[in-house]
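Here's the structure, in structure tokens; my notes come after.
Going in written order, the chains are labelled A, B, C, D and E, and every chain counts its residues from 1.
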Amino acid sequence: MLEPINVSLASLNIATLAPMLIAIVGALSILCIDMLKEGLHKSLYVMVSLLFLLLDLGVVIDFGNTFLKNGPVLGMFDMILMDGLAIMGQIIIVAGSMLFIPLALTSKRFHEYNYPEYFALFLFMIAGFQFMVATDNLIMIFVGLETASLALYALIALHNRSKSFEAAVKYFTMGALAAGFFAFGSMILYAITGAIEINQIASVLAADRYADIGYVLVAVSFLLAAFGFKLSMVPFHTWTPDVYEGSTAALAGYMSIVPKIAGFIVAMRLFEFLVHSGVVWLQVILYVAVVVTMTASNIWAMVQTDVKRMLAYSSISHAGFVMAAILIGTTQSNTALFLYWALFGFTNLGAFTMLWVSRQKNLLPGQSSDHAFEKFSGLIKTMPMAAIMMGLFMLSLAGIPPFGLFWGKIYVIASAVSGGYTVLALIMALNSALAAYYYLKLIVYMFMKEPIVGYEKHYLTNASLSLKTIVGIAAIGTIFAVVAVNPLLNVITLFVYNSGY
Amino acid sequence: MEITLAHYLVLSGVLFAIGLIGVMRRKNLLMLFFATEILLNATNIGFAAIAHFHNDLTGQMFAFFIIAIAASEVAVGLGLLIVWYKRTGKIDLDIMTSMRG
Amino acid sequence: MFEAIAFYLFAALTIGMFTITVMTSQALYALTAMASGMIFISAFFFMLGADFLGVVQIIVYTGAVMALYAFGMMFFDTTRTLVEKQNNPRIIFVLGVMAATLIVFILVSPIISTNLEARYPIEAAVGNSQAIGLVLFTKFLVPFELAAVMLLVAMIAGIVLAGKKMDKSLTLMAEEEIALMSATQAPKDTEEEGAH
Amino acid sequence: MQEHILSILIFFPALAAMLGFIVHKDSARAYGITVAAVEFFLSLWLWYLYDPMTSGMQFMESAPLVAAFGINYIVGIDGISLFIIILATFFTMIGIASLTETRRVKDLIVTLLFLEMTMVGVFAALDAVVFYVFWELSLIPMLYIIGAWGGPLRIYASVKFFLYTFTGSLVMLVGMLFMAYFYHQATGQWSFSLLEWYRLILPLNFQLWLFAAFFVGFAIKVPMFPFHTWLPYAHGQAPTIGSVILAAILLKMGTYAFVRFSLPLFPDASVFFMFPIATLAIIMIVYTAMVAYAQEDVKQVVAYSSVSHMGVIVLGTFALNVEGISGSIFLMIAHGVVSGALFLLVGVIYDRRHTKLMSEFGGLASVMPRYATLFGIMMMASVGLPLTINFVGEFLSLLGFYKQSHGFALVAGTAIIVGAIYMLTAYKKMFFGTVTKEENKHLKDVNKTELLALVPLAVITIWLGVYPKPILEPISNSVESIVQLMHDKAQTPEAQKRIPNLGNPEVKNLQQEAH
Amino acid sequence: MEIYLYIALFAPLAGSLFSALFGASPKTSVTGMVASGLLFVSFMSSVVLLNYVMAGHTVHVEMMTWIAAGDFYVPFGFVVDQVSVVMMMVVSVVSTIVHIYSIGYMDHDKGFNRFFSYLSAFVFSMMILVMSDNFLGLFIGWEGVGLCSWLLIGFWYHKESATWAANEAFIMNRIADLAMLVGIFMIYWNIGSLQYDVVFAEISNLSIPIVTWIGIFLFVGAMGKSAQFPLHTWLADAMEGPTPVSALIHAATMVTAGVYLVVRANPIYGLIPEVGVAIASLGAFVAMFAATMALVNRDMKRIVAYSTLSQLGYMFVAAGLGAYWVALFHLMAHAFFKALLFLGAGNVMHAMHDELDPFKMGGLKKSMKVTWILMTLASVALAGIYPLAGFFSKDLILEVAFVEQHYVLYTVLLLTAGLTAFYSFRLVALIFHGNERHLKYGIHPHEAYTFMLYAMAPLAVLAVIAGMVFKTPYYEMVTQLLPAIEYHVHNHTTFWIMTIGTQLFVIAAIAFAYKKYAKAVRVDVKVESGFFYQLLYNQYYIPKIYDEVFTKPYRELSKVAWKQIDLKIVDATVDGIANVIYRTGEKTHTMQNGNLSSMLRWMVVGLVVLLVLAIAFTVGYNAVTMRAM
């Protein structure tokens, strides 16, 4: 017979659930509000979401303080793990979401914002990501991931035009396949270790001295494929450009930041110990994957004719760049990953918001897609401020100092150099040069070509105060990043180091 | 002859491969979704078997959650298919190529 | 011995069923084959002592999922013969067979780990459902709740996506049309779906 | 204020540029001139405050930027950078003053002022990252200037310029990061401070690799053969002001960086690579001079002549002795003045005729005598006639390298021959002969605005050719400390032999006083 | 005394700048006056300095630092010593005269002011050249005269031939200048200074090979300026410039700078007599070589130019053989009579409306008596007839060669003397005697302005007396600095035989010239179509060879360098890399064909690749561990 289990409530650390619960409660309350009164304006929901996210962020930051004092906290039968990575990840997730949610306040009306459910799903998704990063249990990761993904598919589709459906279906189908990979990979790991907590898997494997190397590698292959999909590594990246193109710029920007950081954190948890285990295979594979991802996506980005697709490929390339940090696997590189992503977040937020600002409902005559390059022709002459902003974000993405991303970039490359990956560092540097080409392409269009007559009044068509504010925040974040780098670096290093990475 | 864990795992792997073939082969989205179900089911056999041979419940838990996930996916997937179908009248994925390059 | 026979029998059946599911050009065959495949899988669960899983498998899959799919098939009118143009069928099978071979190649080798330890051992004295219940509501409470959220998300998503509100796309309508529509409280005659 | 003069000097133009957005477009040029003039006089004041007898860094400022990673805002100047800074501010000023562009002048002015910040920043930076920041940042305004105000191929030219230089500098960035890593290994601290790096003695194989990494960045910027092909396009397409600044200042960043980074950080590698680089330099000198001779477009002649002269500068730098390095730095300034002036002069005729093909001209000397005279002066300076500014630099550079290798110096010396060939030929084609084209018969001679820019340049050309001491002395003093540093750090016997030991530089200064 | 030095030096500069102020304005006679006046001032100062130096003093000033970097230190230092004062006198006298002459000669020229600006600038450069106390200062002047020569040869810039000649002169000089620079480098790195006094004091401490190289390089430098073979072609072409320019620059002063350099550097050449002999041999060769070309030429100015070249050869013979004072002396004498000759030629040109072919002239003595006398006088002096200047200086060189027992040189020089006499009087005969061939071209010659003739008078006087009067005081002064070697043929009989023989030989040559050309000109077609005639007429085909061997290939090579190498290789590589990358993108981005099926397949492909690699590694790993066990 089974004994009844006695668990003291204190040992559960129910508080560790608080951040995710806040998001879930937020989502539920939005549903309730809608139930009580229909047809409320979207700004209400935006603000409610913002409020809950703010609370969420506050709690996470509070956990950050606790972490710095006491170290990692386990909760709910060790299911929740609040270590540095989890906290950093959640901060980026929540803060990123907070910056993206006001993008719903456009001056044009789009279908999805008419649904209160949209905001509920958004919050559910955030909760999903939060669960995903705040655990090292594969089940939790899987369920969190699926919660978030399912919500995300719906969010994409809610834009309600055929491209967005197409994007959602593609994303969904490939996501289902990736879920299969993940499940199968986890199964094999479970088969050889009998554990589904990553640290236990690690310790069992270490104790066995990787005796079942074949199993491990097959499992890693499956997991790599699964996370390759999530992080859009070549050749699992194919969804990225289509999905970005099909969804709104706001959501595309969001997707380039938040889901990825969640993926990176899990990837870090999963692959870090493997990289350090001395399994050469993984290092080689990751090395190749990183290089191929960076290079191939850069090359494809060059030939794009739509800015959003270009940015999609660019974000693949950035992901590849950051994946290198996982390959390098030192404290410095992991720190660099977070630093990079935080800075990348600001810049990409700005870039995609600028696209969002310029979104019109129907294509103009001669325009080939929503954000075709030619739309930006001669922008400096018609909308100088917009052109300068966009140019700024492009420069930052290209890694031109002193704008935000540059600092992330040198720190990543520096970590590669210190990690002994000098050639990789060189490849990364040269890839930045490749990347500069397509960022420059937009700059060339904006600053060096003549405006197309009739396009000018359509540029800022979707702008509103809140969008402009977000652009402003992104711009400030991008320009003055240098001020923030030092404190960020200090904090992140503390978090990462104390989490044992 | 004794049936070992390996037997189950091989079965699981074979079923997974069948699922992969289905995923690659199917052009009808609904049929494609069938194939993704096969993938997950293949995994479930593996989990249950491992749980059995390791004498550990965790595997069964995993399989349980996978079933839940599969069910959710069906709901969302069908929802997506419905809107797509309403818009285009088809669920053949070959017509879904408005975005490329 | 019985176990072996049962295993091979069900294995063959499952493989067969799933192959049909994947290969047939009749949608109905596929659906039926999959449903039966699912049931055969539950047989494995029972064989492996995972009674609870077996039941869930039958209920959830064969009951809920298959019903949904059946509904979907009717909705999409895919009961006829499927026409699927394969531009390069060989590559699919090469890939599939390769994947299978490779996976099998590894999986046939015995697991030599010596540090395996059951975290939640199955005790013979305890019924499977009971044991699962205990684990599910302690250790796996949070994922369980999260799964509930996930199902909620799926439900909302399904409802919203399949809902009637999606028929008119605000995204594609000009601002004036939207204003007009909200002013007249959506009269039926202005429904011009898919203005493009 | 004096202790912050460098920061003021760096950021004043940027601030002014931002405020410039508000200025009405009709007044933009006046605003630009005012700002640039203020900046120029600030830089003159800097010279006034500068103590020429001290060889070390002056006006040092330091503030933490990313302290955790050892990145600090450190600026300071010595004799080497002082004059290039003044050159930069000067050329910005006269560049704006002589601006004839009419399209979107305000944007151009703002861009130029930003460019000025980056130029001053590069030469004042003493922290590798800060240096890199300004280095890269300088590409943007130039990209814009070429791309927006350039000729028909402007986009190709500007993108090529940008990508080429950017690629090179990224390799350099990896080198810098490796250097910082090495410093970290040696001391346990992260630091990008140049002065702290100077203290490191690196093993030879590290030096070689790092030297190569830095070299890629610098060589493309210089531009050294065979990385020079972006330059003709950039010059060919750029508007006058762009070419002027590009030739006068931006190219100097590369050679300056050789002196600032490559030599003192990697003395052994510098010696190791001395002859390969000298070979490249000689190819630059002779080969590009030949290419210049074959040109049909006068601006391309001047552009290729720039490459050729940069070859002499590089050669002088790698002489690794005080004479050669001082000469090369002096030549940087000289070449800045002269090539800047030549580009301005080409701009004058381009404004009138909208063509730069030499076959379109001929006999201009009779139509535009003042123009011909100014062009002649600058051409002769470019050819390296004594008592013009170029000669001093060229002579010292070649003299310096002669110490290292007689043969190389001899071959490099053909610069004075081949240089004369293409320059005189070009001059002959443009100015001599009879006026054949109807359009040329009534060209207006240089006007007051143009004279305002050109005459000071001509005066400087001759003044510094006759009396280079005010500039050469501080340069030489600072170079001495670099050479001494290199000698002290040198490990290989070859390097110890090739880099002279100056003994105590202080004593020598006194000796020179007594002369 | 320093003040006189500065006046002598800077007065021409002042004149130049003054004229330059009016450079672009129409003619103002005042520029010519002022420039001439300032030159006269310079001349007077030089006279004062000459007196001072004659008294055994020298003036040495250091005006200011020029270049100082590290150990390298070069000031603007000037020295007036026995050698430089001679040069200063020559320069200032000839240039003053040429200036005054030019006021008339350039009377109708649009570029009158410009001309004086250039001409005075030239004098200034020349002054720097001769007065500098160090090699680099000399180099300033060296290049400065090159510049002015360029400006003045190309003075009539609308003429293609003039500008071409100007560029040729400049570039050829540059070739030599490079050698000179190298010589300077060698001196600096071996001695550590470029000051004459330091260098000459230290030079004997250097090893002979180094000194030899220094000597060679410096001499190559001198070869360019003094137009020695093979860098001689520019001099004849330089006659495109206005005639006063030819008189001043390409006869009297600039071209002798090379000789001056060798004389100045005598402590160096004193150590390396072998090089000296080589110099002398080259000089003798050039003397002969140029004279032969002058024999058949049909261009008045070119004939005189070849004669200059030939005389420079004489000077180098002297200098090479260590008779520095003789070289310098001939330099001085030659300056006077050659300038006179050129100015005379200028008068003729003026009269003949710039016609240069003497075969189209004739009988000019009627209308241009003074010019005829002056030119005959100059030619006599050039031929070396006693008691004119040429006799004292040129025959001295013959003696030097003889005394130094270089009989081959002697013979060559002797023959050349005959040739010189022949072509000089061929010219005089053709121009001033015989029929008035020009009449059929409708030219009515007239004598030049009187003041021009007056201006030439001092030169005529000097051409006559320079040898007789100056020789002794000159010798006494100069040998304070230069090696004092008296060249006497000790055997009196030999001496007289030689002297008289030479004189007779020369006179015979003159007579032959008169006989052949004074009456009527017979064109001997057979001779003229002969090989030697053609060879000489075409200047030994050297300009053609240069054109074929250097100029054209250089031009072609430049084209190749640009079009083939730079554009098609270097640049194409860069663009090629970029294009390959871009094309790869264009080709492969179709992988993203938008079809979900292929997207899924890519994922499976990725998985299978990973699996293959995993298995391969596993198998390999197991194999390795097996073997290890």
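Definition applied: a residue touches a chain if its C-beta (ideal position, glycine included) is under 8 Å from a C-beta of that chain, and two chains touch if they have at least 3 such contacts.
Source: prediction; values computed, not measured.
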Contact tally winner between A-B and C-E is A-B
Could you name the chain whose CA centroid falls nearest to the centroid of all protein CA atoms?
-> D
Centroid spacing, where centroids are CA-atom means, of chain A and chain E in whole angstrom = 77
Centre-to-centre distance between chain E and chain D (centres being mean Cα positions), rounded to whole Å = 35
CA centre of chain A versus CA centre of chain C: separation in Å?
-> 27
Distance between the centres, which are taken as Cα means, of chain D and chain A, whole angstrom | 44
For chain C, jot down the residues that touch at least 2 other chains.
-> 92, 95-96, 99, 102-103, 106-107, 109, 111, 116, 118-119, 131, 139-140, 143, 147, 150, 153-154, 157, 160-161, 166, 194
Could you list the positions in chain A whose residues touch two or more of the other chains?
-> 139, 143, 146, 150, 153-154, 157, 160, 162, 169-170, 173, 177, 188, 191, 194-195, 214, 217-218, 241-242, 303-304
So which bits of chain B are touching at least two other chains?
-> 5, 9, 12, 16, 19-20, 23-24, 26-27, 33, 54, 56, 58, 61, 65, 68-69, 72-73, 76, 79-81, 83, 87, 93-94, 96, 98-101
Chains touching one another, given as label pairs in label order | A-B, A-C, A-D, A-E, B-C, B-E, C-E, D-E
Within the complex, which stretch of chain D touches chain E?
-> 160, 163-164, 225-226, 228-230, 287, 290-291, 293-295, 321-323, 326-327, 330, 363, 365-366, 369-370, 373, 380, 385-387, 391-392, 395-396, 398-399, 402-403, 406, 409-410, 413-414, 416-417, 420-421, 424-425, 428, 431-434, 466-469, 472-473, 475-476, 479-480, 483, 502, 508, 512, 515
Give every residue of chain C touching chain B within the complex, in rising order.
-> 1, 3-4, 7, 11, 14-15, 18-19, 21-23, 27, 30-31, 34, 37-38, 41, 44-45, 48-50, 52-53, 56-57, 60-61, 64-65, 68-69, 71-73, 75-76, 78, 82, 84-86, 89, 92-93, 95-97, 99-100, 103-104, 107-111, 116, 118-122, 128, 131-132, 135-136, 139-140, 143, 147, 150-151, 153-155, 157-162, 166-167, 194
Would you mind writing out the residues of chain A in touch with chain E in their complex?
-> 169-170, 173-174, 177-178, 181, 213-214, 217-218, 220-222, 224-225, 228-229, 235-236, 238-239, 241-242, 280-281, 285, 296, 299-304, 434
Flag every residue of chain C that touches chain E in the complex, lowest number first.
-> 91-92, 95-96, 98-99, 102-103, 105-106
Note which residues of chain A are touching chain D in the complex, please.
-> 380-381, 384, 395, 400-402, 406-407, 410-411, 413-414, 417-418, 422, 425-426, 429-430, 432-433, 436-437, 440, 443-444, 447-449, 482, 485-486, 489-490, 493
